[in-house]
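Next, two complexes with chain A in common: one pairs it with chain B, the other with chain C.
This part shows the complex of A and B:
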């Protein structure tokens, strides 16, 4: 192989794939990625790809190709080297003894590469069910739900976001860890759906998808079957295994009879929750909300290491309520519910969950379970 | 105590003292700082101070004082809390039971405080020898020498920067760890020097001084005796213990008979050294310099994990030379020798040290010992 590529383009590509090559210390071959000249078209592009068996990413970019070929080489090392090159172009040459030479300006490095035959195959075929979605909508769907996924391995089916497409071309995204729930729906287009499809996308895959979307404009397409999902943007494709198992029916958890409703300034509430959280070094940051006509009061428990309280004016003239929460769970919702200056809280009694929504965006809701407090 | 202070001012003060309060986990009292209303003048300022026995910092800022007093309270906790306050002003109140209340806007926190009598006394008196120095010159003196101090404890007298004032009102700053040496001189003013003064300022104290200088304009004054040094800026005073012991005479190490001289583009050389360093995961990053008429070539050893080389054009027409260095040591010098685009290297043979200087600034020199290489 003999190619010349733009340094920034190569760095961008490597930044997308290094997160999945980094983790694979138990299988050294997976710290590498593949770089191949393309035979189709005018032969002026190269394809890069990497997999960790769970997630596979493939993309292409322009290159000047003098000699076709494929190399399998450490993604991290090539990224480190390219970052230091002063020149704008990088020349990559491979010889028969698996030595790869990287040249940038007057700097020249030789790195060992691996036999490409040792690298796992990646199946990037289109899958049965497919739809298109606006890139901003997909980013939003991920941001508004991923925080509520479960991070420990006790219930694998909650370690991802549930995606369901309904007959009205709406995608429904839901996540819960038993303590809180987040749900958002977004319109899709060109939906071709074979069966009533419902899948669970692993949290980690969504994190990597989110990074790819950050560099993408225009609509993207998603296709999936029972076991895999594929995200296609103009220049990059990501496939991921799905989480097997059934996602719980969350409808019964969403409170329908809350009678205490208030809208509150999001930023003020975030700030008050952060201050109250400072008063607990535990994982759980208990906060007592006291709702009274005109004010919402937030308080930590009085303890030897101190206590905190804050009061936020609210338009509320209903019954008083005292209710406890893990401040962290309320914060997680409020930090992403950023469409508009206010959030809406709907509550009932001290043991009923709180419904959080955005007055400006009815497509989203979150539920936070209360915490029994005794002060 | 009852005072109202500007939030950003308080945060600035806390950022200066938390580095010395943070480290003191073995003596819990040292995680606190003192905040006192000032009796002198119009009573509209407060003094903050902290010590870890080695370093003591004291400063003052304006405040509205309603009731005089002193508190001793966790610096880290107060900083965390103030950062979250939305309001511009913070009201601090202490009661008889050692509870301190911090109020910012509608947020209110109560934190426990300590008996101020338990906090160590700080002696901030002026010391016998003193001089004034321009703040930019002092920052420069620290930056150009601190990298060459020894970081392990094998030779305590090398774990700081040697300061000597000569009879021509020049301050001489020298650091060495046996592998490299850095030396710079800067003019001082108003020097009152009792004895031929020479001290060793601990590296850590210089790091904290550097942070204070970053927020300082105008001249600062330094005073010292055999055991302590004091830095005074307009609003902040730092005193530190000095390192006891004798600093070695470094004059014999500075080569005087180098016959191979070249000037080289600093940025190109930094870049080449970084690239060659990538090829070694060891602490020592060996690099071979091959100097020939017209070019300087940098090479790593050929190894199974790869190799690197770079060539930089230089104006040189003397004898050829091959010499090895720890690339890290050359890099450390070149990263601070930033007065001008080029650096000057003076060498002799493969076992002679290299003299590094800045053509634009004759006040600085560095010496890097060679590394015996066998490739």
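This part shows the complex of A and C:
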């Protein structure tokens, strides 16, 4: 193989695949990625791909091809080398002894590569159910839910975001860790849906998808079956295994009888939570909320350390309420609920869930369970 | 250890006994004294003093170059003695360490007994003497250890702390150097008893964060834990059998033993962990591991065993000859962890799963 590629394009591709390559120490072959010249078309592009058996990523970019071929080489090493090259272009040459030469300007490195036949096969075929979705909507759906996924392994079915497509071409995204819940719906197009009504996408796959979407414009398509899901953008495809299991029915835990409702400036509330949580214990961040006509007061204290207080004027004339929360849980929601200046909080009692929503965007809601705090 | 480097040299050269011995730079060099024997100290020689001045003070002293390899070997010996008594050993230097003996390995209930025993073991095994301080916290223990050198043992019982501090000169307090002492002198404060009368606000205004430290230690308050330098990442136990076993009930009984052993190790290390890993090595040396992470930290043998049995059931080990079983716990609670609290309420359905 003999190709010349733009350095920053190559780096950008490597940044997308290294997260799934460098974690596989048990199988050294998986620290590599494949780089192949494309047979079809005008021969002016190359394809890069990598997998860790859970996630597979395949993409293409432009390159000057002098000699066709495929190499299997350490993604991390190539990335390290390219980052140091001063020149804008990188020339990659492979000989038949598995040596790969990387040249950038006057610099030249020779690296060993692996037999491409040892690398696992990647199946990137389209799956039975499919739909198209706007990039911005998909990014939003991930951002508005991923924070609520469970990060430990107690309940595997909560370690991802639940996706369900309804008959009205709406995609419903839901995540919960048992203490909080986030849910959003987004319109989709060209939905072709057969068997599985819903799937659970692993948190880690969503993180990698999110990085790809950051570099993507225009609509993307998603297809899935019971076991896998595939994201296709113009230049990159990602497939991921899904979490097997049943996602809990969350409808009953979305409170419908809250009688204490207020709208509050989001930035003001974020600021108050940040200030007050500076004085709460390091692990959990207990914060006390006192809602009274006209004001919401936030308080925290940490034994032998100090205390903090902030008051936000609110339009509220209902009954007073004192309720405790983990400040991080509230912040997680408020930091992503950015459609509009205000957020709406609906509460009932100190042991009842709090519903958080955006008056400007009815497609989203979050539920946060309180923290029991001694007053 | 008492006059550590000098004592080691004297031990190894009995002809030096009773002579002033100085370990460190040569007298005609720009070096300094690393250690001085008690004989040498009578001439006013102390560590960190320029060797040339030590020579002026006592020209007939024996000046020896330091042999750090030898001191390190002795250091390892005494560390090993400490660890017979507790895992919670925080070395301060080659010859000094804090030990938390609240829970003693062999259940000796008295810290004073333990100190006596450690002193005896050091003397028997290294032919050197050590001085110990026994007190309710690190700050007081450090001061106590300096009270009765050499070969001393000084105990500050909790009920004696106030009386001890009343007249304790600030010069003896770790962290109060000459400049701080002078600043306190100017305020007519020379003892911890007098320091107790200074309001916290004034101390922090004058000394910042250190002011809060002074405020606490004047009252004998020191919450710092004895921290073994190496933070453990995992605690484990394993057993290679005298002969290979394929019998599931025998292996499960073995898991019970391992769970008990692991519980003991966790408790003596005072850690709990969330991720349990089962290791199974088969007769053909093929090894597999299976892990599970729980939402809560565990150190209880029954919880560990239940989890280990599940992992064993999932391991596909049935009917195969096993030569080794091991259990280890990672994700320990000595590391910053995911926040968790019993007071955090959960959704109703979440409790079931």
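A few notes on this one:
Convention: the second predicted complex is superposed on the first by the 370 of 375 C-alpha atoms of A that agree within 3 Å, B and C clash if a C-alpha of one lies under 4 Å from a C-alpha of the other, contacts with A are read in each partner's own complex, and residues count from 1 in each chain.
Keep in mind that, in the parts below, a contact is a pair of C-beta atoms (placed from the backbone, for glycine too) under 8 Å apart; a residue touches a chain by one contact, two chains touch by 3 or more.
Since this is a predicted model, take the numbers as computed values, not measurements.
Touch criterion met: A:351 reaches chain C, while chain B stays clear of it. When the two complexes are overlaid on their common chain A, residue A:96 makes contact with neither chain B nor chain C.
Of the two partner chains, chain B is the only one touched by A:84; chain C is not.
In the superposed pair of complexes, A:167 makes contact with neither chain B nor chain C. Contact with neither chain B nor chain C is seen for A:39 once the two complexes are overlaid on the shared chain. In the superposition on chain A, contact of A:308 is made with chain B only, not with chain C.
Touch criterion met: A:326 reaches chain C, while chain B stays clear of it. Contacts of A:251 after superposition on the shared chain: neither chain B nor chain C is touched. Taken together, the two structures place no residue of chain A in contact with chain B in one case and with chain C in the other.
The residues of chain B lying in touch with chain A in their complex are 77, 80-81, 84-86, 106-112, 267-268, 271-272, 274-275, 278-279, 302, 304-312.
On the side of chain A, the complex with chain C involves touching residues 151-155, 157, 176, 178-179, 181, 248-250, 252-253, 283-286, 324, 326, 328, 351, 353, 367, 369-373. Partner chain A is touched in their complex by these residues of chain C: 274, 292-295, 337-341, 343-350, 353.
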